[in-house]
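Have a look at the structure that comes next, please.
In this document, chain identifiers A, B, C, D, E, F, G, H, I and J correspond to the written order of the chains, with residue numbering beginning at 1 in each.
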Amino acid sequence: MPKIETFPNRHPDRDYDIEITCPEFTSLCPKTGQPDFATLRIHYVPDRLCLELKSLKLYLFAYRNQGIFYEHVTNKMLDDLVAAVKPRRMTVEGSFSVRGGISTVVRAAYEARRPRKR
Amino acid sequence: MPKIETFPNRHPDRDYDIEITCPEFTSLCPKTGQPDFATLRIHYVPDRLCLELKSLKLYLFAYRNQGIFYEHVTNKMLDDLVAAVKPRRMTVEGSFSVRGGISTVVRAAYEARRPRKR
Amino acid sequence: MPKIETFPNRHPDRDYDIEITCPEFTSLCPKTGQPDFATLRIHYVPDRLCLELKSLKLYLFAYRNQGIFYEHVTNKMLDDLVAAVKPRRMTVEGSFSVRGGISTVVRAAYEARRPRKR
Amino acid sequence: MPKIETFPNRHPDRDYDIEITCPEFTSLCPKTGQPDFATLRIHYVPDRLCLELKSLKLYLFAYRNQGIFYEHVTNKMLDDLVAAVKPRRMTVEGSFSVRGGISTVVRAAYEARRPRKR
Amino acid sequence: MPKIETFPNRHPDRDYDIEITCPEFTSLCPKTGQPDFATLRIHYVPDRLCLELKSLKLYLFAYRNQGIFYEHVTNKMLDDLVAAVKPRRMTVEGSFSVRGGISTVVRAAYEARRPRKR
Amino acid sequence: MPKIETFPNRHPDRDYDIEITCPEFTSLCPKTGQPDFATLRIHYVPDRLCLELKSLKLYLFAYRNQGIFYEHVTNKMLDDLVAAVKPRRMTVEGSFSVRGGISTVVRAAYEARRPRKR
Amino acid sequence: MPKIETFPNRHPDRDYDIEITCPEFTSLCPKTGQPDFATLRIHYVPDRLCLELKSLKLYLFAYRNQGIFYEHVTNKMLDDLVAAVKPRRMTVEGSFSVRGGISTVVRAAYEARRPRKR
Amino acid sequence: MPKIETFPNRHPDRDYDIEITCPEFTSLCPKTGQPDFATLRIHYVPDRLCLELKSLKLYLFAYRNQGIFYEHVTNKMLDDLVAAVKPRRMTVEGSFSVRGGISTVVRAAYEARRPRKR
Amino acid sequence: MPKIETFPNRHPDRDYDIEITCPEFTSLCPKTGQPDFATLRIHYVPDRLCLELKSLKLYLFAYRNQGIFYEHVTNKMLDDLVAAVKPRRMTVEGSFSVRGGISTVVRAAYEARRPRKR
Amino acid sequence: MPKIETFPNRHPDRDYDIEITCPEFTSLCPKTGQPDFATLRIHYVPDRLCLELKSLKLYLFAYRNQGIFYEHVTNKMLDDLVAAVKPRRMTVEGSFSVRGGISTVVRAAYEARRPRKR
């Protein structure tokens, strides 16, 4: 996977929210090989680092021809982003489009063990 | 009823949400024999198992020619899904379409006795 | 008023929600005799009984030519429905349409003294 | 039926449009006696007379407890309004709310034999 | 198929439109046996007869367990309705819900050979 | 009334459209003295002059405490604007807000006798 | 200012909500003399008295030609309404329309010192 | 490219419309190699053949890793579909998502030289 | 102004439409120096050339600190784009945001003298 | 930067909310020099001072040709506004428009150390 890049948070003394919406995520179904489409939402409170958006775009692009399940892609993305950005809190939500008349949303959250006091 | 199938949850160490929306549910009214239509929403936190969507589709399809009341179908579906998926928490909501100028939503929830600590 | 009928709740061991929406309520203004229109929402947790929808429709129909104020009709409906259904909790909300450039929503709630433990 | 009143058109030298929307029409189903609800739209080009809105409201109110079919009420209203207002052109449209999962719109139009030249 | 019933048009001297919307149509896919869902819209100008809605509901219900293609069901419905109602003009439109990420609308129209002069 | 001001059209060799929307018009009902509210839309093809918006705002403001009927205000505004701007074509539309459950739109148009050839 | 009138609350034994929406409020800007427009929302729990809507309409009408700031009109209205209605709780919210590309909402709340026990 | 498959039109005696919407199209930008996303709409009147949807899905999937411009993909798709389906009329429309703050729709149409008489 | 660039139209044998939407246009008011905001829509049928989007973005960017009236910017943009792209037909529409409670749309069109036959 | 002006809060004895929405914010990307667009929302509880809107408009205008990152502009604006208005509580939220298929919201909040008791 491409490296998720970061830049220094200039306001680390304050808990603040960053919400990122990517309506153009696509991967493949690991069973059928057919394309899946999703809107991803990433919501985090930065600590020392902020997520660099261009590298996020390339990271998401890397899933394009990968077969991966809804539940797994959402949790793996949370793990990868937490590892790179080391946020105080982070949520990743994937809204996957209709398959067989059924749509699915998967939502996973991370909270740092010793959060800074607000 | 067709068997509700599951697959192992690869991220059991984390409480995370899965929301499934099925706008194409139909059954029969047990009084009049006329068709009823609903949107079903299933919301759960998996423990060791995740709900397999294709078997869910077949399970829902099995109600197509069955006469069953709104209140009963929602509660029975919760019971069947909890028995199969053994989730940490689960909600089933049925939004039934207008009959006699009146629409109805039924919402039932389950929470495991000893939930894993988040 | 027509009798509000009920049927036995088949899932009394579980607190669950039933939401009923009736966009076709009409009564008369007690001052001017002109028609009033409202959307009614009834939200309840059944105990031993569920509200039978056909009798609800006839009950609402009985207000058609009655002069009654917004505040009174919402509270009276809550009283009548609580008396018939004996729910664990119930809310009645009336959204009355624009009169003199002003629209009004009235919302009244009931909770049983000793609610069953969830 | 109450008389549909009119007032003189102060701009008879110009063809112009008047569109009236009444979302609060209700009558009874002639078969079941149950209430029907509709949004009525009246669209006309006045000749010598304009439709007085207060008398229209009373005229519509007069259908409240009358049993009448969708197709008939729309055509009858067009006949009554044309007789009273003698417009250059008029359309009456009734959008009736869902019954048995089916909604209906009825639309009828009138054009004067020798319309004034625009 | 159940008989499509009609009643006499009380206003045959006037060309007027009737639009009927049925968002609760369901049939089966003739290939997979899986359920298909559609919203049907019927738009016609009656001649001597109007379409009776309760019989339409039963007619639509008869497709519930029949395997039939989108293109065929729309054209067949137009043929059946034209044969029963003998309208001056009629359109049938079926909006079928998403399958494999693709949704489909089929629209077919009929016009009587010698339409009455408007 | 305040003077409607204009400025020279820099592109008189081309027929082009200007659409102006004013959602904040208010006048008084000449019968009851109560306030009326409307959204006004002015649509024109300029000839030698364009409508200056600040003077339009003041012109509309001048109706604030004037009692005037819907039909009259729309036609008078068209007359006043045509007199000031001398457009190739102009439409004035007033969408008046709900009174007694009824809303009204009045729409009047002007076309110059010898329009420039497009 | 016109007197805000009230009528006795017939259900003082129950805390219930009344929400009133007035999309047709207008006053003048105290600096420029130009009209301001707002949607007002009044939300209260009545104690012994309910707010009479016709007198509210006249009260709001009295601001039509008064120059008053957004922050002040919202707070003053709360003070006047609390003085007249003596509610258990009340909120007044004014949503003022766009000026200079900026829109403003002001929201003020009152709670009686010794609220009745629910 | 995968073969676009067809099946016989059972109603060739009637001109009727088929509208297909595919919100899940993706290809690559030929300049930057970055993914592009579009909603495709195909609208046609069949002659002897209808477009088989599963083969359409595979045909669209084949663009996933191809670099191609908006204008070209829309026109090429029209050429390929016309060659396979030989329709009486066909339109292909691609709505491409925002790039650099700009979104683009491309729409191309085909009409057979000697259309069958309606 | 930056040069509007083009690239060869690969499908000049066919009249087809290209619609471009730019919701992020901003210039200055020539009177007050304050910023104006607009959504621009460009709609054209290419002849030998297509409009290159990156150069369009830079062209629009060049208005950022220029004082220019709504009517003029729309017409000038049409002139500049027609000169660069030499289309068969082109429309430019600017939807300018609310100023003083009034919003404005300006729409100008060009058609080549001897359009190719469709 | 232009000075953010204030005026005295006439209701300092009451905690009340002021919400300001500015959909017309634009700055430059510090990397590419290209324009960024955002909707800003400022939400505060005034103490002794209220934010004067005209000076806010000029303050926002001052960012027009400045290169500044999303995270920084939101936090800096909060710092500047808190310094000028000394509110009891304040939130600044910037919703930045789509870049590379990704949109971003940044939200930062301030609370005075010793808030007045409500």
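Quick note on the criterion: a residue touches a chain if its C-beta (ideal position, glycine included) is under 8 Å from a C-beta of that chain, and two chains touch if they have at least 3 such contacts.
Fair warning: this is a prediction, and the values are worked out from it, not measured in the lab.
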For this session: State the pair with the higher C-beta contact count; candidates are I-J and F-I.
Result: F-I
Problem set entry | Matching chain pair for A-B (criterion: over half of the contact pairs shared, by residue number), options C-D, I-J or C-G | C-G
Exercise. Just how far, in Å, is the C-alpha centre of subunit H from the one of subunit G?
Worked result: 56
Exercise. When the centre of a chain is set as the mean of its C-alpha atoms, what distance in Å lies between subunit A and subunit C?
Worked result: 44
For this session: Averaged over CA atoms, how far is the centre of subunit H from the centre of subunit I? Could you give it in whole Å?
Result: 27
Problem set entry | Junction residues of subunit C, two or more chains touched | 23-24, 34-35, 37, 57, 97, 100-101
Problem set entry | Contact set on subunit H toward subunit I in their complex | 71-72, 74-75, 99-109
Exercise. Which of the residues in subunit I end up touching subunit H in this complex?
Worked result: 9-11, 14-24, 46, 50, 53-54, 56-57
Exercise. Which residues of subunit B touch subunit E in their complex?
Worked result: 23-24, 26, 34-35, 37, 57, 61, 64-65, 97
For this session: Sort out for me which residues of subunit H touch subunit J in the complex.
Result: 34-35, 37, 97-98, 100-101
